[in-house]
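Mind having a look at this structure? Questions to follow.
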Amino acid sequence: MKVRILVSLKNSVLDPQGQAVKNALLTLGYDSVKDVRQGKVFELELEGISHDDAERIIPEISDKVLANPIIEKFSWQILEKD
Amino acid sequence: MIDRKIIEEHNLTLDEYEKIVELIGREPNITELGIFSLMWSEHCSYKSSIVHLRQLPVKGKNVIQGPGENAGIIDIGDGLAVVFKIESHNHPSFIEPYQGAATGVGGILRDIFTMGARPIVLQDSLRFGPLSTSKNKSIMEGVVSGISGYGNSIGIPTVGGDVYFNDCYSLNPLVNVFALGIVEKEKIFYAKAEGTGNPVLYVGAKTGRDGIHGATMASAEFGEDSEHKRPNVQVGDPFMEKLLLEACLEVMANELIVGIQDMGAAGLTCSTTEMAAKSGTSLDINLDLVPQREEGMTPYEMMLSESQERMLIVAKKDRVEEVKQIFSKWDLDAVVIGHVGEGGRLKVSFGGKTVVDLPVDAIVNLCPVYERESKVPSYLESAKQLEPLPLPEDYNQTFFKLLSSPTLAEKEWVRRQYDHMVRVNTVFHPGADAPVIRIKNTKKALALTLDGNSLYTYLDPKTGGKIAVAEACRNLACAGARPVGVTNCLNFGNPEKPEIMWQFKETIQGIAQACRIFDIPVTGGNVSFYNDTEGVSIYPTPVLGVVGLVEDISEVTGPGFKDEEEILILLGENKEELGASEYVKTIHQKQKGIPPQIDLKQEKRIQEFCLEIISSGLVESAHDVSEGGLACCLAESSFLSSKNIGLKVDLQDEMRSDALLFGETQSRIVITSKHQNHQKILNLAKDRQIKATAIGKTGGDRIIIDQNGQKLLDVPVDDALKAWREAIPDIFAIK
Amino acid sequence: MKFGVVIFPGSNCDYDTLYVLKDVLKQKTLFLWHKEHDLKNVDCVILPGGFSYGDYLRSGSIAAFSPLMQEVKEFALKGGLVLGICNGFQVLLELGLLPGAMLRNKNLKFLCQFVHLRVENEATPFTNKAKKSQVLRIPIAHYDGNFFSPPDKIHEIKKNNQVVFRYSDAKGQLSEDANVNGSLESIAGLRNKEGNVMGMMPHPERASEVLLGSEDGRIIFDSIIHWLGNRGG
Amino acid sequence: MKVRILVSLKNSVLDPQGQAVKNALLTLGYDSVKDVRQGKVFELELEGISHDDAERIIPEISDKVLANPIIEKFSWQILEKD
């Protein structure tokens, strides 16, 4: 099973990396860019696990390991079932 | 079948191919051809440079290992030796600045710790195009953060280096990285594959299809479209390398292995053949056992892969389990992939079949060697003619402009991205001519420097070569260190062009002469040819890395003024030499003229004198005069003093005022002394027949320079400091 | 009295910390290995700087899960002294022994330089040899040292007097310029509520010899030695 | 308009970050994890731009600024139209 997890800074936390990208794009003349936020994406390949178990452990992994809940939020989706 | 097209794709000539057939007595298969193409590439074989490199002096009483191993080794007493080397990573850094530079750091570090030495410092020598374009800015940003990313993570301080800017590097930046390690003299390791039956172990990262043909890529010119068609670039993994470093040093300390070689450029091919060739043995390896990151890799791909962070080890037969245990402690696999045999062959099997069976001597030692044609470049005649220049109208403004030119400006923007303090050895002297590293548990310290002004070399390669050595040693002398060994990285264009070959030969002659006069052995180095993009070659760029030894760390001297009312003494002589100067380049926008000339014997005597008065305790600060001339030298000593002490100088020379202030005449050092010591210094100089002149005093908050009582320069230190310090950060500031 | 310096894979200030404690300050000091469960009866655990596990996920995050850290956590909850330096501070945050999180430096660059620190709380086992508002000169070297905490939590941190150091100028004044990495309220060092755990981004072990530019970092080690000495005697 | 762009290393390129995460997850006992790849996600807010123009500039931005095509690949989707 293939799973994608997106982790990004909470909206209340300043994202200087996103700002830097935004500035770079504006400098290059892409003035339609109003805002940029940068985050991380994890693509996990899971094996030998039921759909229900996956639904349980993915948020667990995300909350415990992949994201730091003080500053980050996450979302996930299953890309491919077995 | 091997046809003409395949041969050409492997960057081999038809003659070379025929020689291969003759040497092995049959046609090679494709994997074997790949092996030859790597090992006979310019990068690995030095086929165009080796005849000229032989001019370099390599002997000396403290040389433990000269050229020919992964790195050179010099005895520094107390049972210790230093292991050092420089390496280029130019092409990869252009394609992928961050990863290119990062893997450059990783590669040179492996060269050091394969010899049993713990790396303790890094330096980097960088050349970029002008920062007026966003492309050049992003290359510089990427390269600096790549070096920082790798070096900081692995925990080896990047303590120094240099950065120059010139148009000729816009499409071909240079990234040369120097590393030095320290080892107990009795515990040095070599790339040996001895002992029939001894197992060959593969350790570190898994093999992927990384940078296949990287070594041949570094040996070919880039065309216009190469930005898109270029092969894979490797991604570095400093964490893996840190584990590898610790584990390798641990197996060495436990005397479990016979020999070890890193797999860098040319990977498994280079490490197996070189180890066998050095020991006159055979290596039998089975590719099925090689840890692989990707599926379906062919023997060709595995033999040519340049995946990083890998090592090949020949272990003692009865100690394999202990080796594996140590690697497993560091969460690394160590896999036996073959063994040592007799007969001088490399035998590789895959899927039960023999896919390679070649004589290693042919691969490693019998590559054809070329004495390529050379010819005086056509540009030279006119480039040496510097037309008469107008004198500046306002010296203060000219001075500010120079101080803020990126080549002269403060490089703290770079330096502070590097962890330069980890390992707690870096002696505190910010911005010093030569960073100083203490050696724990001894009174000694090392001083290091990298140097090379390519504009000089472009206009007069031999003089440029001499000056690169002389200036590096002068930097050491200012810190109070004596040079003990040299490594060098020679960055040039396409050696098949006779004009490039001429630059190369001349430069080496200059370097060789200087090393002889300074009596310092060259213990190794690197040649990077084919630094051309779209037919344009870089200026010939030798980068000299000189290692100096300070016998007593309490004598180390820095460039910053210590106090007010110190006497400023100029060692050496002012001459009217403006050609090839940063002043002419920045202010008059010309890269022309005859570079400053150098009398090496005179230079040596001045350096000896500087060392003598430093060790007699007569010197408060010392700084050499280089790019930007006397005015910039004096200003820097003010900027680098903790209280930004000003100065007032009156120069009594009859010459063009711009040449006096900004000319780059060689063999000059400005020192300061306490008032009560200065006469002693002047008298001593007289005895030694050194020209030494008291030119003024430190103090106040202005930089004031007169010529025969006539005011030339008069600016507040704060304003000058601002121009110098903020130039580079301003360029990179997010606006 | 005995110090333990933890080695994670990727630690790189482990030897520096050991060197200062053992060779400069003449303290009994040993290494603790991340895979073990044994704290070897040390009186103070130091988590050194570096890039534990490459810091590939978030700084300090993977180290927080290591076997040894579970023991360190227990040790800390029982009142044992724990000092986290740089990466060690990040590990303590990830482990939840200290409140908050680290963001990338405000200029998005690694920063290695001397900074000035103002001592905000001198009544801790780690600062008892310093005076309140004393200014220390100690280097930093990090990429992710931009301290962050949600508003309600920062209120609590201050109320409990948990801020130990703030980035300041040489005179002890706070300013945006002096706060080089952009930390919330210029926070450079924090302790837990109970006071036995402290994290700081600057490296005191790099400022313990005049030769290297400053001796101010010794105050932190000397404070610990003093505190442990008193407790023991 | 809100756009999401995912950038990740090409499959053939070593991904040390993904490896480190994978190892951490295995150590914590999540043995169903067979592989992890880590990448970056950018969320852009675009304004005053037609759908067609967006379709043109997003891959351009991605190729030129957000990813280095030598080692990275990217994909994108429009999350919200104006």
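A, B, C and D are the chain letters, set down in written order, and residue numbers restart from 1 in every chain.
Quick note on the criterion: contacts are C-beta pairs under 8 Å (C-beta built on N, C-alpha and C of every residue); 3 or more make two chains touch, one makes a residue touch a chain.
Keep in mind it's a predicted model, so treat the numbers as computed, not measured.
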Open item on the list: Applying the document's contact definition, name the chain pair with more C-beta pairs in contact, B-D or A-B.
Closed with: B-D
Task: Rounded Å distance, chain B centre to chain C centre (Cα mean) - done: 36
Open item on the list: Measuring centre to centre with CA averages, how many angstrom lie between chain A and chain B?
Closed with: 41
- [ ] Give me the residues of chain C that touch two or more other chains.
- [x] 53-54, 56-57, 61, 65
Open item on the list: If I count partner chains per residue in chain B, which residues reach a count of at least 2?
Closed with: 237, 239-240, 331
Task: Overlap residues in chain D, where contacts from two or more other chains coincide - done: 16, 19-21, 23-24, 28, 38
Open item on the list: Based on which chains touch which, is the overall arrangement a line, ring, star, complete graph, or other?
Closed with: complete
Open item on the list: Under the stated contact criterion, what part of chain D meets chain B in this complex?
Closed with: 9, 12-16, 19-20, 23, 68-71
Open item on the list: With touch defined as at the start, can you tell me which chain D residues reach chain C in the complex?
Closed with: 16-17, 19-21, 23-24, 27-28, 38
Open item on the list: Under the stated contact criterion, what part of chain C meets chain B in this complex?
Closed with: 9-10, 12-13, 15-16, 19-20, 23, 49-51, 53-56, 109-113, 139, 141, 143, 203, 205-206, 208-209, 211-214
- [ ] Enumerate the contact residues on chain A facing chain D in the complex.
- [x] 6, 8, 18, 21, 24-25, 28, 30, 32-49, 53-54, 57, 61, 64-66
Open item on the list: Under the stated contact criterion, what part of chain B meets chain C in this complex?
Closed with: 145, 148-149, 152-155, 237-240, 242-243, 330-331, 415-424, 426-428, 438, 440, 553
